[in-house]
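There are two complexes below, and they share chain A, which is joined by chain B in the first and by chain C in the second.
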Partner chain A sequence: MAIKFPSLEFFQELARRMEENAAEFEKLGFCDTVMGVKVDGDTPHLYALTFDVFDCKDVRELSSPEEAELDFTLEAPLPLWREMFESIQKNGHPEPTYTLNSLSHVGDRMKVVYDDPEGHDKLYRFMATLQAFMDQASDLEIEWA
Partner chain B sequence: MSYYARDDFFNNPEVLNRSVEILKGHLQLDWMKIDVPEAGCRPVDPRRGLTFDDTNVGAYGWDAIPEKIRHNYSMAPRGAELPPGLPHLGYDINRKSEVWSENAPALYEESKSRHWVPSREVPWDAVEKVAHSEEFERGLAQLYTDLTSMATCLGDIPSKWVWRINQEMIELKMWQCTWMFDAAQLADVFRKRAIAGGTGLGRDHAPLGELLKSVFDSGNYPCASASANLLLSGLMQTLLRHVGSVSSNEADQTIARFGVQDLSRSLAYGIGHMQYLLSKRPHEAPALSGHLDEVENALVGLLGGSLFISTLALVTAGSRAEAGGAVPRVTALYRVMADEHAARRRAAGIGSEASPLEAFVRELEA
Partner chain C sequence: MSYYGTNDFSHNSDFNLRIRDIKKGNLDFGWLDEARETVEVRRRDPRRGLTLEDCEVGPYAIDNTPEIVRENRGLAPRGAILAEGAEQPDLGPSLNKKTDVWGYRVQRYWEEAMSRQWNVSTDIPWQDMDKHEIPDDIEIAFCQLCTLLSEVEMIATDLPAKWSHHMNSYFQEVKGFIATQAIDEARHAEAFRKRALAGAGLYRASVRGEHALKGILEADSYSEGSVFLHVLGEGFILTLFRSSEFISPTPVEQRMFQLVMQDEARHVSYGLQHLKYLMDNCPEIRPQINGFLDEAERHLTGLFNPDQLESMIVLGGKGTSPECIRRGIEVVGAFQGKQIEEYFHRAERAGLPERRERSPLLELQQRMIAGVLA
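Here is the complex of A and B:
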């Protein structure tokens, strides 16, 4: 059954798959951060993903960034998120131009919004885990908004 | 050897006689009667195992470390009984705020947990099938050569100071050990990647040496920490992110993805260290800020150096012919570097209105 993007269910499914693939994430190590994902469009959506040790223990949709203590937020328009996940679905992982690193590197495609630089650096401290989390969508049937 | 033990044990008959008596079964067990606190530590989260945080209790915890350590100069682990006559190990860094960061124990645990093994985890066969041009590979090899020197310097910094730091700050010293190991491993993987790519290592250059000397020769540990953790690690993190964004080779992707993790822990410690130090000794901020401005001046020498900037232009454009057109993207990269560095400095409490890096990037943008 297809899961709509963007939706709370989409990220809950990635979190469920993360737990299911525990060995992969345990090898990558502890990941402790609260990441924001903002999908810009006619109706913007903002999600807070709370990573704790080897799991994504909480996924919530926020009506404003102040509702959670976000370390950083990845912001991009819906078409870019779609391109990223479609790239992941081609090979199980993104093409080099669609990794979180490449997309966010100089902020011209995906913005990284943060208040505290230590929170911002958590994107890089836990990069392998966060990329692997997104890669859990590789064989997910997605219904695009 | 400059230290001679206080007794000539080998020629002291008492030592042999005592050993013989004990081996006959006349054990001396008075050491079992000690006055140390009992503690029943268990993992708060079994998934993490027993962490430093779980053993931060009572006299065994780092909360008990005084700002000025006057009671223990031995190698005894914190919380152990200290009988009279322990030798002075010569530690001359005995002030907690000079080295401490509240996140150091957790960063140590994180470093172990997120450890990676480049010799096996980098897909080295991908380097044999590089899809890019030889001149792009030459540019990458030059960047990896520079990164090797930077990583070596990054590891040299804690090794220069760790043995001078009082053993009471065990968690901090253990963190420095992982910092050294991570840096060693980065130098290792950068060097191997440059050589394995087929073009070999690149050229060393004076502006890079000037920067690394400015970092390495920092006169005290706080200055060394600020320049190594905030500036050098920040530069390396930005460069690795750039490598990951310009090279489609899977080996480079892997090195970038895992390498930035190691460097970002140093950045976290650097910010935490400055915050802790300045919360206890705020009057040190101007000297630290002045030192960092001076190291930034050396960084400007590197960023403006012809070898470095032309290497970045080449790898950013993808080819020598198009390198000239990449100047705006290199400038944008420098802008990211300057903004992130300035944000870290402000968070650390050593922001600067006279930042040479900011002034340099503004000139480039003008």
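Here is the complex of A and C:
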């Protein structure tokens, strides 16, 4: 059954798959961060994903960033999120220009919003885990908003 | 042998007689009678196992350790019973103040480092290298970058190793963390060497870059070395790794940079927390750190050496045609600006907002980088 993007159910499904693929994430190591995902569009959506040890233990939709202590937030318009997930779906992982790092680095197509530099650095400290989390969508049937 | 003990135990008759007596079964059990405070150590989160933070209890906790450690100058772990008088040897640690080395959350960085170790030989998909055709100019540019990064990683291995034995053993968590850094950096040097040798080979060693790196190694104190290496140097290198992931010719190099980036960011975080701890608890050191950074930031521009800059431009633009070079200059200019801005933001958060005003980096950036763009 297709899962709508953006939606709480979409990220809950990625979290469920993360738990299901425990061995992959245990190999990558502890991941402790609260990450924001903002999907810009006619109706913007902001999600807080709480990573704890080897799991994404909580997924919530926020009405404002102040509702959670976010270490950093990745912000991009809906079409870019769509391009990223479609790239992941081509062969299980993103093409070089669609990794989280590439998208958020030169050109800033995806914005990294943060207050504390240590929170910002968590994006890089846990990059392999966060990328693998997004890659869980590789064979998910997605209904685009 | 440069150290001869005050006692030759192999010819000490009291000692020999006592050992012989014990072997006859005459134990005195004096060590069993030492009074110890009972502490409760338990795993707060079974998935993490027993962590260093779980062990921060009673007399063993760093919070219950004096700011200046005077009682121990040997190898005793924090909380152990020390011999009375002057029997415990003096190993001459020079870093005996907590502010000399400590950083907020250092125990967590240790646990993170231990759980996120990886293996260059098996965690990078070397088997996929043959699946991708890389043009010669791109491959050589990439190997030039790998050569510089190997040099950088050498110094980042040596600096923590140089200072570890100067740290009082009561600061075990910091000694442990910088030991993980040494192995991380050794692993990075391994990765860049292997990638270069699997491709076009190693290219030019950097004269200017090595002068900059010498400045890190020759810092007069651990804190100066740490702020130069962890906050300034590794902060810049972290952004360089991010850029290198972005401009990597194939998914093989991309994976390599994803993995090295994680380690590097952890080192930057420790450095930031050490600097913050130092500024919070020893504010009188501010002029010294600022004076040091004035010079360190000048040193660092050596890393913008021409061979490295040109190779990054070729990688960023994906070729050597005029159009590629124009694009490459844009890409490199953008990430160099980011390097400087992120450094100022970290310095500000650690308690040194004045770096943004007094740093030579902005002027140097305008003269060197903006000049290239023009």
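As a working rule, the second predicted complex is superposed on the first by the 143 of 145 C-alpha atoms of A that agree within 3 Å, B and C clash if a C-alpha of one lies under 4 Å from a C-alpha of the other, contacts with A are read in each partner's own complex, and residues count from 1 in each chain.
As a working rule, a residue touches a chain if its C-beta (ideal position, glycine included) is under 8 Å from a C-beta of that chain, and two chains touch if they have at least 3 such contacts.
Quick caveat: nothing in here was measured; it's all calculated off a predicted structure.
*Asks:* Please indicate which partner A:73 is in contact with in the superposed arrangement: first for chain B, second for chain C, both, or neither.
*Replies:* So A:73 meets neither chain B nor chain C here.
*Asks:* Touch test for A:117: chain B only (first), chain C only (second), both, or neither?
*Replies:* Touch partners of A:117: chain B and chain C.
*Asks:* For A:105, using the defined touch cut-off, is the partner it touches chain B, chain C, both, or neither? Pick first, second, both or neither.
*Replies:* both
*Asks:* A:33 in the overlay: touching chain B, chain C, both, or neither? Say first, second, both or neither.
*Replies:* So A:33 meets neither chain B nor chain C here.
*Asks:* Figure out whether A:50 sits in contact with chain B (first) or chain C (second), or with both, or with neither.
*Replies:* neither
*Asks:* Which residues of chain A are in contact with chain B in one complex and with chain C in the other?
*Replies:* The overlap between the chain B and chain C interfaces on chain A comprises residues 28-30, 32, 53-54, 96, 99, 101-102, 105-107, 116-118, 120-122, 124-128, 131.
*Asks:* Which residues of chain A touch chain B once you look at their complex with the stated criterion?
*Replies:* Residues 28-30, 32, 53-54, 95-97, 99, 101-102, 105-108, 116-118, 120-122, 124-128, 131 of chain A touch chain B in their complex.
*Asks:* Okay, in this complex, where on chain B does chain A touch?
*Replies:* Residues 45, 47-48, 109-110, 113-116, 237, 241-242, 244-245, 247-248, 253, 256-258, 260-261, 263-265, 267-268, 271-272, 329, 332-333, 335-336, 340, 343-344, 346-347.
*Asks:* Could you pull out which chain C residues touch chain A in their complex?
*Replies:* 45, 47-48, 108, 111-112, 115-117, 238, 242-243, 245-246, 248, 250-251, 254, 258-259, 261-262, 264-266, 268-269, 272-273, 316, 331, 334-335, 338, 342, 345-346, 349
*Asks:* Which residues of chain A touch chain C once you look at their complex with the stated criterion?
*Replies:* Within the complex, chain A touches chain C at residues 28-30, 32, 53-54, 93, 96, 99, 101-102, 105-107, 116-118, 120-128, 131.
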